[in-house]
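Below, subunit A partners subunit B and then partners subunit C, in two separate complexes.
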Partner chain A sequence: MSLVELKDFSLSFSEKGRLLEAVNSISLSIEQSEMVALVGESGCGKSATALSLIGLENESAVFSGHVYFEDVDLLTFSEKEWEKIRGNRISMIFQEPMTALNPLLKVGPQIAENLSVHHQNVRRAVIRDKVLEILKSVGLSDVERIYRSYPHQLSGGQRQRIMIAMALINNPSLLIADEPTTALDVTIQAEIIDLIKRMNREKGTAVLLISHNLSLVKGLTRRAYIMYSGSIVESGHTEEILNNPIHPYTRGLLASVPSIKSRGRRLYSIPGYVPSLEERSNVGCPFASRCSIKSEKCMKERPKMSDLGGHGYSCFFSPEEIERRMNG
Partner chain B sequence: MRYYLRKLVGLVITLFLVSLVTFFVFQILPGDPALIILGIDADPYQVEALRASLGLGRPLSMRYLSWLTGLFSGDLGVSIRYNQSVSSLIKEGLKVTSLLALYSMVLTVLIALPVGIWLAVHSRKRYSIPVSVLSQISLSVPSFCMGIFLISIFSVRLGWLPSIGYTPLSEGLLASFKSLLLPSLSVAIGSSAVLIRYIKVSVQREEGKDYVRTARSKGLTRGRIMYTHVLKNSLIPVITTLGLLTADILGGSIIIENIFSLPGIGRLITVSIASRDLPLIQGLVLYLASIVVVCNFIVDLIYSLVDPRIRLR
Partner chain C sequence: MDSLLRLEGIRKEYKIGAERIKAVWKIDLDIKKGEILGLVGESGSGKSTIANIITRLITPDEGRIVFKGVEISALSERAFREYRRDIQMVFQDPYSSINPKKKIGYLLNECLLIHEKGMSKAERMRRVMESLEEVGLDASYAERYPDSLSGGQRQRVAIALALILHPSLIVLDEPVSALDVSVEAQILNLLMDLRRKYGLTYLFISHDLNVVSYLSDRIAVMYLGSIVELGRVEDIIGNMAHPYTRALFSASSDVTATLSGEIPSPLNPPPGCPFHTRCAFIEERCKKEKPELVEMEGGHYVSCHYPLYNKEG
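Then we have the complex of A and B:
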């Protein structure tokens, strides 16, 4: 059994009486201890999906489909049931470590709070020791001082380590990392990625990494899902997707990453922009408006996911046909 | 530490400026102060005697200096109307007014804090509308109207509370409290309406912040998030408002003390202005201004206790 299984999961926001679809019938799975990436441009619905997995999506959100976590459907959860699972079985770290901590409380108690809320009868001294221990294990030194520090006294990298410590203190089965390094310096980024990797290895925590950064995904995750405008357009092993992209969107995304090979040449960018929630149409392929090889059919019908030995893609054309049309 | 030192220096300078302004504002009034006090039909000998006792013959700067040195020894001069020292008059009035202000303040917070938080949490619900409307109304009703309204209900109709007069603390805590309840309530209803708005906005703004999402992702209940995380953060702007409200409440006491016939500072101000009692007016204005300045100083101190980042600046 998979740890997480999204089946035909859709998410809409009702706004002024209209239902705007942010996520359109996606399916996704994460195995125990697996690291999976969800990749896409901003506004593609990846963060909305992530927040739904921990029950923090906006109250106006309307869901359909199923989100199984250890075979229980999270979409049927009451707020009470969510409170038991959040921070305990499923944790999340966020993009902006500078604002994710309460500025008026010392960081030690902020981490301790996550432990004590799920384990009522543990003595304070024990909780404190556990916090110091996890601070050490996320690679912080001088943990006694850090325990007593306020967030503004720490650097961005330190704060993100504290977020990770906070998220992992209850040994959750799933860690959702929403763009965990985007707000950090490049050198710190690598350290945080290494830390997430190590935590995954040592604690066996499954990780869902939300990112727009393909090179980040490459070193970290086993499998990846490429998302565009609320739909998953390609899925499979990360290496396979990066080396042999099929979907025109994935190809465009990869072509727009600067590399040594493309040095001196004008960087490719996919024409057009991600349609906003209001502009999205429910008919046709979600990528059709920006696709260079679209046909009549693409505007009228939504392609289904095709499977090519574990490498999934949603396009009417075969990989060879796409290759031919794009180069021709 | 430097933060406190800077604030303290600021306090001293402000108090000095306050004394300067209070003194000179009354000096630039057109005409002879002695004539203003006694009226234009006064006996010239009397005018001359008053001029001498006010020291009007001496240059302005000298008069300021002697007034200022008097301040340090607690000597604000002698009231013309009462023929008593200004400082002893203020001290008497202060007994009433400080209690009135304290009660008003406590009532303001006791009303505003729960209502403000409740409104912030339930603002989208239809049932919160009557509460909003009610607080809107109490915001727009002046305190003296509220005072008369309260008197007509609680004193005239129900006969629960006295409508005028002050029972000193020495004659029993409860009786004293009862005598000040209506006046402080009429002040507190208006000022709590102001505070409610600030608290509501502040709490709502904090609730949208990232750290609240983090707190939720830990599995904390909404009540606990409000109590341990949101409240402390949203109180910072509220404390400022509270500091400003002290000035409001003191100013409001002038009217309220007249309505309820309380022998406090407010009454003293009315009388001193009506009888053109210059030394008394000067002393009172200086006293009121100082209280406001000191209150704001205290607000700054509370700030630094709540928010550790402020001490760094």
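Then we have the complex of A and C:
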């Protein structure tokens, strides 16, 4: 049994009587203790998918399909049922720890609140010790002082550690990390990644990393799903996808990352831009409007996921054909 | 190459109540005509302060700014106006740097109204259209408002605004950090094309080392208000001499932790070498004496008592 399994999951927002589709029939799974990435650019639907997994999606959201967590369909949950799971079995950390923490509450009591909601009959002193212990476990020193500090008195790296401490205090089975290091400096980013890896190793917490940062995805996860415009266009082992991308979008994305190696050359750039929710068409391949190798069929029909020994891609052309057309 | 802009002994402190933030300590920096100088560093390193000093958005406490042989830091606001058009800036966030209430065409025209007093209306229209075309936007964009544009399109408008007065130096402060990867490549290609076409000089400020090493001719690495290493990209990448440069570049290439602890607060910077609290190669001398930025060999500068270069050489 997978820990998480999304089956034909779709999500639309109703706006002025119209249904705008943010996520289009995606399927995805996460095993116990596995680290998986959901990769894509802004507006691809990765964050909307993540928020649905923790029951925080916008009220106007309309769902279809299934989101199984340990074989229970989360889409059938009432708010009361969500309260038992959220922050307890499934936790989430966000990009900007300053906006995710309550600026008016000291850090210690703020974490303690998270603990006490789920363990109502525990004594205060016990809770305090437990909070100090978890602050230490996420690599913070001087924890007594941090316990008494307000979020603004701490650095960005310290705040992100506190977010992680808060997310992990109830030993969840799944941690969703939505761009956890985007707001941090590179040297701090590396430390936070090490911390997430260590937590995964020590506690067996499965991690769903939501990111657009390919080197981060490479450093942290075993498997990855590439999303474009509400659909999953490629999936498989992270290394395999990054070394041998198949889908024209993934290939374009990887080729457009600047580096010392591409010095002096023009960067490959995918023409056009990601269509907004209003501009999206649900006919044909979602990438067709920007694809350099599209055929007529791509404008009319939506390709299904093909599987090549665990490496999935949604394109009408075979990997060889894509290679030939893109480089020919 | 000739110097286009030179910073000499620039120092800047910000006062917050009774406390003082040392944002930039005595910096010397030369931007050469026609080059792209990449300025990298983490938050609080002082790189944006440098950008704002060059564009005269803030005044340094000490030091001189020499642009095209003229000490512009000594000029009055009025006398500086002639140079303001020649030094333009593009900011990180095109959502907050462009007035959302005005049409794109109005904004571009306004630059010309201020700086090109004698220009006829027809000539201004021509320049507005020309600058839109330069950044890959068609004429219809002149009639659009910023809020109908995507992030990438807005950044194109910001570049058009910087370009319309035909400057010689553009200071780009994290110009692609807010953009998606596929859009980032488009903007970087555009910047390279414009530079080639007009012989522009860029000061390119970024925390993204991949972007900086892709596009710069030289790189300056800042840490806590000081330049710790400066040189051609080949020298920096091939022969990193400062322990901080090495840590920064290895952290970005494979996301491994190479430094422990956090950047000390600029409110209370450590004595001696500013990096000594996090350095893996620390010696007694580093705690007491601040190293000077010295030239190791042909244009490669480092401020470290014990540069890694010497250790391996």
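The criterion applied here is as follows: the second predicted complex is superposed on the first by the 328 of 328 C-alpha atoms of A that agree within 3 Å, B and C clash if a C-alpha of one lies under 4 Å from a C-alpha of the other, contacts with A are read in each partner's own complex, and residues count from 1 in each chain.
We take it that a contact is a pair of C-beta atoms (placed from the backbone, for glycine too) under 8 Å apart; a residue touches a chain by one contact, two chains touch by 3 or more.
Given the structure is predicted, the values throughout are model-derived calculations rather than measurements.
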item	value
Touched partner set for A:Tyr150, first subunit B, second subunit C, both or neither	first
First (subunit B), second (subunit C), both or neither touched by A:Gly310	neither
Which superposed partner A:Pro103 touches (first subunit B, second subunit C, both, neither)	first
First (subunit B), second (subunit C), both or neither touched by A:Lys84	first
Contacts of A:Gly204 with subunit B and subunit C, given as first, second, both or neither	neither
Subunit B or subunit C, by number of subunit A residues touched	C
Sites on subunit B touched by subunit A in the complex	209-211, 213-222, 224, 228-229, 232-233, 306-309, 312
Subunit C contact footprint on subunit A (complex, rising order)	41-42, 155-158, 185-191, 193-194, 212, 214-216, 218-220, 252-253, 256-260, 262-263, 266-270, 273-274, 276
Complex contacts: residues of subunit A adjacent to subunit B	54, 56, 79, 82-88, 91-92, 94, 96, 99-105, 113-114, 117-118, 150, 152, 163, 166-167
Complex interface listing, subunit C residues touching subunit A	42-43, 150-153, 180-186, 188-189, 192, 207, 209-211, 213-215, 233, 237, 247-248, 251-260, 262-263
